[in-house]
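In what follows, structures are represented as structure tokens.
Two complexes, one shared chain (chain A), two partners (chain B, chain C).
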Partner chain A sequence: MDKSFLEQVQIHKKNKLDGLHSKTKMIVLILYVICTFILAVKVTRLQLPLYQIAWFGVLLVIFALSGQFAKCLRGMRAVFVVFAVIVIAQSLIQPGGEILFKLGPITIEEHGLQKACNLGFMVLDVAGIFVWFFQTTSHKEIAAALREAGVNDKIAYVFVSTLKMIDEMGKNSRTIMNAQRARGIETEGNLMVRAKAFVPSLIPLVLTAITGAEERVVTLEARGFSVNAQKTSVFKLEKSGAETLVLIVSLLITVALAAWRIFLA
Partner chain B sequence: MTQKKRSIKDDFTMLTILLIPIGVAVNVVGGNLASLLKLPMYLDTIGTIFTGIIAGPWVGAVTGLLTNIVTGITNPVNFWFIHVNVIVGLLTGFMARAGWFTDWKKGLLATVIQSVASTIASAPPVVYVFGGVTGSGTSLISAVMIAAGKSIWTSFLSVEIVWTVIDRIISWLISLGVMRVIPDRTLVKFPLGNLYLKNKK
Partner chain C sequence: MSTIMECKNVTYQYPLTDKPTLKNINIKIEKGKVYGVVGENGAGKTTFCAVLRGFAPSFYQGELQGEVELEGKNIVEYGGDISTRIGYVFQNPFTQISGVKDTVYEEVCYGLENFGVPVDEIDRRVREVMKLTNIESLAMQNPFEISGGQMQRVALASVIVLEPDVLVIDEPTSQLDPEGTESVFEVIKAMKEKHKTIVLVEHKIDLIAEYADEVIVFKDGEIVAHGPTEDILSDMSLLKKGVNLPQVAVLCSKLKEKGLPLEKIAVTDKEAVRVIEKALKERG
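Here is the complex of A and B:
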């Protein structure tokens, strides 16, 4: 029941796709984006990018196979909002072509629908695979993969500490805002009142962070952070064993799609 | 005194390396705070501007780059605008190094130049990838203009430039406010800190 510290920092994943090495995931991501562009052909009488819509189904399959379907969909929320805005706005504002749908003042014309689908599904597919990458790869894994790929220790450190810093400062900002509210600064009311509350909430936040950074420099230097030597990492990046298979399959799909696009479509 | 040739590496001391995460967090938290207080502004480049002013162009650029990568984790739309935030950091930093931010008028001019340049840089992805409408608050106005028959470029640029200039001026003023309260002994440790000392002796 009691795990050693070394065991606590390790990440073990059962799912083969979820536990892929970060480098393999990155290659899958790039190939998926390339395929999205390959599939940007317009079909049917309305010239819609139907293949890209189907390609989004593949993304959902990847989500499900990784065993993180719910988590990935949660991550997709912001993307869905943008997708909806693009589709609605473009299909309403782009004039031209035959009128497909009319309801009172709302008309959807051919060109509008085309542009909406072209832009919308491009954004949905490309952004979606990024969501998959980041929802299935923890910050620690990304940093370890960076270090493994020969990236400078300092860059890897900055990346991880940025993610921590955002959490930390987010918490601090709520504390500071509550403290300032207790001192009588109004955070509700008209625009001017709210705008005036912004400055006294932000400035103490930045100031504490900078004083903290000075102390952290001393702490890090004392632990030999800037020593020019090989460093040992407690966290070891694991492979799930499916790397080669996934690479071959995704490469085959890309090549097949490219061939189909060049010779048949 | 002979002037030593400046190298990019000189800008990245231990303290500035630790300043980068702070800058990114200020960008993110500032943006969140602005939407929490329901302000009609983004205020999401305060950190980039601040690091650019105090630590020079390269630190500012890295802060901008990292901000969009990190916010891209939750909202991949930001990946299309990485270059915008980098340009904000670079331009602010170069003008800061030339001493523009020590003076009110020059600082204001520098902020305006920086915001116009970065808005123009943000136009191509907005037009080609998102068709002029990204779902931000101001894109509603652009959408109305596009529907009224104006070209996507003019609709986006005319709305966005005005808005961004106001936004960045406020961000610059806040950075100035922060620099006022940082004690001199901390300020001198940053690459450009000695430009802004309160007690110049």
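Here is the complex of A and C:
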């Protein structure tokens, strides 16, 4: 017999890291970010925060251990673009200090490289751990965790529906882009061409979002959104069993790094 | 039959407007009947629905005079539980998706979760309603990625699952193709067979003729006619009040004028065929 609907909507994860309770993942995320700041030590003659690069290696290990390496890397694409833009722009534009590299009109100076690395690695690490969180945690896990944590229904709704809306908008704008391409509007090509196509494609998206808001509120009310009852949930949030271990390990790492930073570095 | 809802001298004015949108509405809604609500655009049909459900004034604000009662008690006294007594479905299928659920199945579960119904019971009720609304095959699909007619059936299911006594349905098919329209009316028909009380705003007058027991005609915020479907839809004077009448009713009335001895003015195709055949036979 086929699995029941009730069974099909549950999420069972085999991987212990991937399947961590969302709250534990959130704590891991926060600790990772704290460590990123702890590791912002300037080293070498050029005073660059190179430990943060090694820390990014740890992130890649987390991706891999979660069994979601490919998915997380796909999620990292946008982060890599931002990283590249920051590094290139900062190192080319910021003047000052020793000239490190010169090729025709392009010069990279000491201060520029420092700025670029300070900001770039920070973005890479912090955004990276968020990518891990969202690539390994589905909307309904987040929703269930928020409810378990006793977060206000309205705040939880706004949060979850926004996440979902971003997904849907992505799909929607692809549909609209396709429709526009069918009408002969260029949506491929260089950045300028794409930007020109993107703006008009946003207008119907924004309009439907605004006009739909009132009806959406009525819909939610009609489904008992603001009823004062202890809500139930068809979806059951599971634990992977590794929560305590992961918590202890991440705390130990954080404390060790903090101690190292305070006493040795 | 017993009265389930009643509007007593209801006048309602939206905020920031200078005159009331609904004026002196007096009507008794009887249990188990289907009410077709018709009238030209802007006549106040949607506002009437919002008043019946209590969204006007609770959500839209504005000023309400008179009383809207459900089983003899003012609807404001029901508080949040009113959602389980009066279900509300409207035009745009897209805005009737909660926006927080991944599958159609979970979407239909949403209301019952809000009311704290135990999971076993939710599952049982939701499966039953999905069968009734013919959306079982969509259960695991993303509610945003189905057709308009399917979405509208999901919206209906999400409301029906709360087992309301009264269903208020505002132009459920105006954005649907003929196929979608038919599938939605299959659901309405099923609810009629379950003796639910239904208030249905619908522009497609042939569907009103087929499904409604009584018709309420709105014009400029007032009820200008109300009665059994056959009486109202065969009243040619309503054409002047902006009401669409069934083509067959207009035909019957013309034939009668021309001297064909019709037993009555039929409002549905089937009835029309019967009375015209009969009249022709009698004439020989």
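To be clear about the criterion, the second predicted complex is superposed on the first by the 191 of 265 C-alpha atoms of A that agree within 3 Å, B and C clash if a C-alpha of one lies under 4 Å from a C-alpha of the other, contacts with A are read in each partner's own complex, and residues count from 1 in each chain.
Here, a contact is a pair of C-beta atoms (placed from the backbone, for glycine too) under 8 Å apart; a residue touches a chain by one contact, two chains touch by 3 or more.
Only a predicted model underlies this, so the values are computations on that prediction, with no experimental measurement involved.
Participant: Touching A:203 in the superposition: chain B (first), chain C (second), both, neither?
Facilitator: Only chain B is touched by A:203; chain C is not.
Participant: Output check: A:168 vs chain B and chain C. Expected answer is one of first, second, both, neither. What do you get?
Facilitator: both
Participant: Using the superposition on chain A described above, determine whether A:244 touches chain B (first), chain C (second), both, or neither.
Facilitator: The answer is neither, since A:244 touches no partner chain.
Participant: Just to be sure I read the superposition right, which of the two partners does A:131 touch: chain B = first, chain C = second, or both, or neither?
Facilitator: first
Participant: Tell me which partner A:231 touches in the superposition: chain B (first), chain C (second), both or neither.
Facilitator: So A:231 only meets chain C here.
Participant: Quick one: is A:143 in contact with chain B, with chain C, with both, or with neither? Answer first, second, both or neither.
Facilitator: Touch status of A:143: second partner only.
Participant: Counting touched residues of chain A, say whether chain B or chain C comes out ahead.
Facilitator: Counted on chain A, the partner with more touching residues turns out to be B.
Participant: For A:223, using the defined touch cut-off, is the partner it touches chain B, chain C, both, or neither? Pick first, second, both or neither.
Facilitator: A:223 contacts chain C only, not chain B.
Participant: Going by the contact rule set out at the top, does A:152 touch chain B (first), chain C (second), both, or neither?
Facilitator: The answer is neither, since A:152 touches no partner chain.
Participant: Where on chain A do the contacts from chain B and from chain C line up?
Facilitator: 157, 161, 164-165, 168, 216-217, 220-221, 225-226.
Participant: Taking the complex as given, what residues does chain A use to touch chain C?
Facilitator: Contact set of chain A toward chain C: 4-6, 8-9, 138-140, 143, 157, 160-161, 164-165, 168, 171, 208, 212, 215-235.
Participant: Okay, in this complex, where on chain C does chain A touch?
Facilitator: Result: residues 53, 55, 59, 80-81, 83-84, 87-88, 90, 92, 94-103, 105-106, 109-119, 122-123, 126-127, 139-140, 144-145, 155, 158-159, 162 of chain C touch chain A.
Participant: Residue numbers of chain A touching chain B in their complex, please.
Facilitator: The touching residues are 75, 78-79, 81-82, 85-86, 89-90, 92-94, 115-116, 119, 122-123, 126-128, 130-131, 134, 154, 157-159, 161-166, 168-170, 173, 177, 187, 191, 194-195, 197-199, 201-203, 205-207, 209-211, 213-214, 216-217, 220-221, 225-226.
Participant: For the complex, give me every residue of chain B touching chain A.
Facilitator: Against chain A, chain B makes touches at 12, 14-15, 17-22, 24-26, 28-30, 32-34, 37-40, 43, 46, 50, 62, 66, 70, 72-77, 79, 129-131, 133-135, 139, 143, 146-147, 174, 177-178, 181-182, 186, 189.
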